[in-house]
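Each structure below appears as structure tokens.
Okay, so chain A shows up in both of these, paired with chain B first and chain C after.
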Partner chain A sequence: MAELVKLNINGREIQAEKGALLIEVARQNGIEVPAFCYHEDYTLQAACRMCLVEIEKTPKLQVGCTTPVAEGMVVHTESDVVKKARKGTLEFLLTNHPLDCPVCDKGGECELQDMVFRYGAGESRFVERKHHVDEKQWSPVVFFDAPRCILCYRCVRACNEGMGVGALGIGNRGVISEIVPNQGDHLECDECGACIDICPVGALTSGSYRYQTRPWEMDHVGTICTHCADGCKTTLGVRVDKIVRGNNRDRSGINNEFLCVKGRYAFDFVEHPERLQSPMLKTAKGHEPISWSKAISLIANKFGETVLAGGKFGVVGSNHTTNEENFFLAKFAREGLGTKNIDHHRTGDLATFFDALSGKPDSLASSGDLYNVKAVLVVGSDLAQQHPFLSFQIRANFRHHNAHVYAVTSGPVREDNQAIASVRVQKGGELAGVESQRDKLKAEVNLVIVFGDAIQGDALRKLVAFGDSLGIPVKYVCLVDYSNSRGAFDMGVLPRDGGLSREQVLAAADLDVLWVVGANPLKNAALASKKAFVVVQDLFLSETAQQADIVLPAASAYEKSGTVTNVCGEVQKLKAAAKVMGTKTDLEIFGLLAKEMGLNLGIWLPDKVFEEIRKTVHGYNVPLPIVATGGAAPTMPLNGRVAALPGSIASANDTLFTSGSLSKYSNVLNAVMESPGKLYGGEGK
Partner chain B sequence: MTFSPQLEEIFAKMLQQYPEGRTRSAVVPMLIYAQDEVGSVNRELIEEVARRCKVTPLQVDEVVGYYSMLHRKPMGKYHVQVCTNISCLLVGGEELYESAKKKLGIGHKQVTADGQFSLEEVECMGACSWAPAVEINYDFHHFVTPEKLNQLIDSLKRAQ
Partner chain C sequence: MAKQLFNQPSPLETMVLSKRFALEGSETLDVYLKNDGFKAFLKAKEMTPEAIIDEVKASALRGRGGAGFPTGLKWSFVPRTSPKPRVIVVNADESEPGTCKDRLLIEYDPHQMIEGILIAGLAVDAHVGYVYIRGEYRYLIEKMDRAIAEAYSKGYLGNNVAGTGWKFDLYTHSGAGAYECGEETALLDSLEGKRGIPRMKPPFPAVAGAWGLPTLLNNVETFSAIPPIIRDGGAAFAALGTPKNGGTRLVCISGHVNKPGVYELPLGFPMMKAIDEVAGGIPGGRKLKAVVPGGSSCPILTASECDIPMDYDTLAKIGSMLGSGGMVVLDETTDMVRFALRIMRFYQHESCGWCIPCREGTTWLRKILQRFYEGHGRREDISLLGELSKNMLGRTFCALGDAAAMPTISIVEKFTEDFERYLARETVAV
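And now, the complex of A and B:
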């Protein structure tokens, strides 16, 4: 326990840890000290002078954000002299600040506006002309309006420290200081938008949100990003059924303020003009729109006939649909259609993973563990590209707790900048690379091992055996690609008990029905069966949908409720933010089909299905209040032997700017110029 | 980018002066020395210093933007720096600067067409006791009057 000191703030006796920052101690005791530049996640700056407080026996006002508390300190945070100083600081900050609040994106949620409102600086003694600089566009998503900038350096630190990119700096000095991008007149960076959201004022604005709306005219819908498997909470700003922005400024969810370019901007696929909005039937003239009732009855008839005739089904599920949908689909296939041929594109070897972990109940690392653990070993994955949030967690752990980072990868990765050991291996040589670090790892207090699809089957068992042999607590993250890859596995969208894998289904010449839900298996493969009746549920007319007899327009994750499970096995709730006319959620489609076929598969409401999941799926008996209130509930590992599955496992190796076939329909992801991977080539910077 | 052996030696010593992981501190001295040899702080130099001090080029760029004695464009062979800060101002620094402008026909941070002279209005050089002061390259000149400065400039012209 750290040494405690007694101090007095605004007449209240307070105990605090010696050396803690005054601003934090005040906050913890419900006393707000206004601040612009101070940010608890990043290094101290003391640039804005907004946090001035009066400390007795100290001749001048002190900055609360860098002053450590000490025994006997008597502090006043709201005395007249403090208020006067704050007013003065604000008067200076407004010297060149334009008075364009009425059109500024930040108006209504601007920290400067709030402070001026509270402390006043309604009059200015400055008569000089305001120094004006025109607004600049640095990338499709980042705009900079220098006169609004109050030079708090938050953006610079967020980019440097939080993102590990370092694309922003300060040019010039004094009154003409300006934030500058790394390429002189434009940015080459992650395009994550963290700098925009952390800006207390409207100096950095977002390409997709700027001048779209006033903040108070939006609904704020907290849901889970539908792109990669990390499961970041993104709060979608919705105005009249249109999503206009994504952020996580309220810091709810596992990701704190973090979002990558996909979570913050790539919601625009929702209203892409090519979204399917009506069921379609393949005719001689191509796909023609038909009504929902006709489509459902045609499919139900065909499914029913095939069941009666003992025909062969193949079902391919999705990496993006909800747990409820996956659960219902698996049930539909097994109980309704009587088939075991159900699978999805598997991107990590979860079957071997869970089997190897059976009997080790505490071996799944949560996303929070990555931030708290003493040592992290990354094997065979470029996290900054493929799992941006996990990469962010590791950097934060390094900054705040000095975590020991090890990277065993085939090329340079961003983790090299934090690593105490970077081991370069040929693909396939990962285990040897891991082995080479044995002695160092043994000396760690505890460890999380994060590994990609290079580690599967036998190699995965060896890796877990290696972890066991270290003699320290070890947890694991088995990387998978997409927002509900983990859920698809856990809900049993799998060719268990002798079912055919995805590849085997496509190769079966006698297949009667292929039912594809939110997947694109025919993108790089051909369907062997010439007679197969193909039904596809999707957002877009994918390569697979183009070959379908009937296509059903599905709702995306941002248009539905339900739950998803992230790469760390944490269950979180989706909340519908938008509506697209003509679409239905996959769950509703399953329900309608079941009804039409006269099957009794239970109620198809997300909450009801989730209840059933909690009762029947191993490890999913998670506390309902956590999930219901938007928290992340950890699942347990399966804990029991898991049989091996047929079929292949391969990550799609998406980059920061792609996400399977979805990214094709995001204008933002297509507009940014960073070529995938280029940013991290060379010296790993 | 490599520098003269003498400079390389200075840099090697310089980098050893800082504790491990603090090579960033060498950015300013390295730039100053290198500027004298290279003539100005160009892009190539920025990148080289960034590499040697293990920071990003942007972080070196920030420093170059901040310090007025670092020049992105080459200055004249004789860089005339006239102080107009308080002490010099009180005893004629402003007039001195104005007359220098007239004499050379150039303004702040400009270079004469022949590349021989450049002019800069600078802040305090620590020569207040001998104000008004002028610094030409690294040589100080004390109690300077417009006439003295004119003579000085003429003598430099003749010296060529």
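And now, the complex of A and C:
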């Protein structure tokens, strides 16, 4: 237990942990101490001098952000001297600030505006010329308007400490001090936009959002990023059905303020001109638009006939569709079509994983565990590229708790900067690399092992056995690639009980129907069956859709509600932000097909399906209020032994700037110069 | 032919630190050794560290870099038994307008300073030192490097200092042209190769300084005073000055005097005597208007305030400081608006920009003064100058903000009529 001290703030007796920062203690007790440079996640600066407070028996005003509380301290945060000091500081700040609030992106959600409104003077005494420099573009997504900058250095710290990139610095001195990008006149970095979000004013602006709208003209829709499997909460700013911004400034969700370039900017595929907006039928002249009712009835007839004829189905589900959709699709396949041939692109060996962990409760790490655990071992993944948020969590853990980080990888990774041990191995040599750290790992208090697709099958069992042998509490994260890879597995989009795997389906010459939902299996593979009737639900005319007899335009994750499960098994809620004319959600498509076929698969409303999931899928009986209010509910899909599955498992090896077939349709991802990115500093896609 | 000196010495000086300045070859180790050199080190080598520090305390020596912190006390803060090695840093960034004494100590008697550093090394058990020299003093860096090389070659630096078997290494490091890098923690960042921005205190450099190691940092003159103190005893040095204000200091007298120069005067020396007799009085028999007592950051004194002994406590009593020993004498022809502008230009240019009140405050003040000087002053500007300075005072990250605010407040308050005159002129001229 930390020692407690008693102090007095504004006449109130307050107890606090000895050594806690005055600004935090005040805030925790509902006493506002304004500040610009102070940010609880990053190093202290004491630069803005906004948080000056009066401490009795101390001659000068003191900065609350670096003053630790002490027994008997008597503090005033609202005395006349303090108010005068704040007013003075704001007056200084505004002297060179352009005050172009009417056209500034930040207007309406600007911390400087708020502060001046609350603590500032009504009029300015400054009658001199302002210092001016022209705005600069640092990358397709980052713009910098130096005169608006108040030099709080938050961006510098967010990039250096939070992102581990360190692309921003300070140039010049005095009043001409300026934030400078690492390449002098442009940025080469993660393009994450964290610097933009954390900027209290409109100095850093987003290439995709700038001058699009005023903040108060938007609806703010909190949903989950649809790219990688980390499941970051992103708040989409929507103006008249158009998504104009993604951020997480409210710091809700598991990811605090974090978002990578994909979560913050790559929503633009939603309105890509090639989006499918009508069902299409393959004819001799190519794909021709048909009505939804025609398409549904054609498919239902074909499916029905095939069922009656005892024909062979193959169903390929998606890594991106919701749990509800995956659940409904699995049920549709098994109960409606009577087939076990259902699968999806599996990017991590979850089957062996759950089997190896059977009988070991508490062995699944949450995303929060990565921030709190004493030691993290990363095996066979370039996290900063493949799992940007998990990488962020580990850095934050290192920064705040001095976590011990181990990296066993086939090339350099960002975790090396935090690691007490970086072990380079040939692909396939991961286990030996892990073994080499046995003694050090045994001495840890607890551990989370994060591993990529190199660890599968037998190797995975050996890794878990290694974890067991350490004699300390060990939890695991089995890395998978996409926003609902985990959900697709948990909902049973799998060739269980003798079903055909994805590869086997494609290779089956006697296949009668191939039904592909939100996947692109024919991108790098051929369909063996010449007679197969192919139905594809997708956003775009993908390689697979081009071969389809009927293509159905599907809604993306940003256009639907439902739930998804991230790489750590946390269930979170999607909320529809936009609407694209002509599309339907996959769930609605399934429902319409079922109805047309006369199947009774239950009501196809997301909430109802989720109810059924909670009742029937092991580990998914999560508390509804958590999910409903935008929280992340941990699931426990451990359920005794899990049977092995046919088919291969491979990561898509996406980088920070790619996202499977989707990234092709994100202008932002393609525009940044770092695209398509590299894994391990070299080998990439 | 006699040696060309910076200025002719005055018979009124008490030459302790500067006693070798006039000797031919005073910058060489040979001349130094022939004139008391390294006696103090050999004596200190036989003393306990505690005894060395006690001797420095007894000398009542106060830091000559500007803040006047008692040197012996500072030395006692350095954790001598810490498992981390200790580092000695010499502040030779001398950039305060009006101050030009450290350069003479390095130019004319570098080995005296080296000996002082070595004694400090004995006192805090340090074996490495860095002399951080103002970048504009390029020629001095060369001179210092030459002195260091000579000391190494003759066995007064390196693995066997003066044959005692004790080890010490000394290096020079060039500043890059920033006044702020004279501030001790900004200096340390700069020494480490970073941008010169002051650090948060605590931890103080004594505990975590250069590269996080316990660091003893003093001014050139402070280190140079150590050999005489150890050689002749702290009490003897103290006796040269007044109680709690031990010894002599190098006073740099510039401005409107007949014989500007650097003079070594005991603490407590009468200010008017320094102006009239040591520095030869004001040219043309003009009247004294004001004195900047210790470098441009010190509040200015009016002529009537100058009849005082020059020691830390007296200056503090009348609301100013002895600072870094840069005394600027201003006669009745001085335009105080122009003078205030000159000072503020300096601080505005030198503000590192880290904190808002200094960065924006110095700029705003400079702009107002510039406008005033160009004849576009407004009556309300006079009070505004004072109010803005007070909004900076005590609220900035480091003392540079205060250094800019203090003289400005004193000039505006004490010489309001100079500003008034500008207002009157505007009505005629514009």
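Following the convention adopted for this analysis, the second predicted complex is superposed on the first by the 673 of 685 C-alpha atoms of A that agree within 3 Å, B and C clash if a C-alpha of one lies under 4 Å from a C-alpha of the other, contacts with A are read in each partner's own complex, and residues count from 1 in each chain.
What we mean here is this: a contact is a pair of C-beta atoms (placed from the backbone, for glycine too) under 8 Å apart; a residue touches a chain by one contact, two chains touch by 3 or more.
Bear in mind that the values here come from a model prediction, so they are computed numbers and not experimental data.
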Put chain B and chain C onto chain A via the superposition and say whether they clash or fit. clash
What is the contact status of A:E128 with respect to chain B (first) and chain C (second): first, second, both, or neither? second
Looking at A:W292, would you say it contacts chain B, chain C, both, or neither? Reply first, second, both or neither. neither
Chain B versus chain C as contact partner of A:V180, first or second or both or neither: first
Which partner does A:I170 contact after superposing on A: first (chain B), second (chain C), both, neither? both
Going by the touch definition up top, name the partner, chain B or chain C, that contacts more of chain A. C
Clash with chain C, by chain B stretch, listed 1-9, 19-27 or 109-117: 19-27
Based on the A-chain superposition described above, do chain B and chain C contact any of the same residues on chain A, and if so which? 170, 172-173
Inside the complex, what are the residues of chain B that reach chain A? 56-59, 61-62, 65-66
Sites on chain C touched by chain A in the complex: 178, 180, 195, 200, 348-357, 359-364, 367-368, 371, 384, 388, 391, 394-397
Given the complex, residues on chain A that touch chain C span 44, 46-50, 52, 59-61, 66, 84-85, 88-89, 91-93, 95-96, 125-126, 128-129, 131, 150-151, 170, 172-177
Where on chain A does chain B make contact in their complex? 166-173, 180, 182, 685
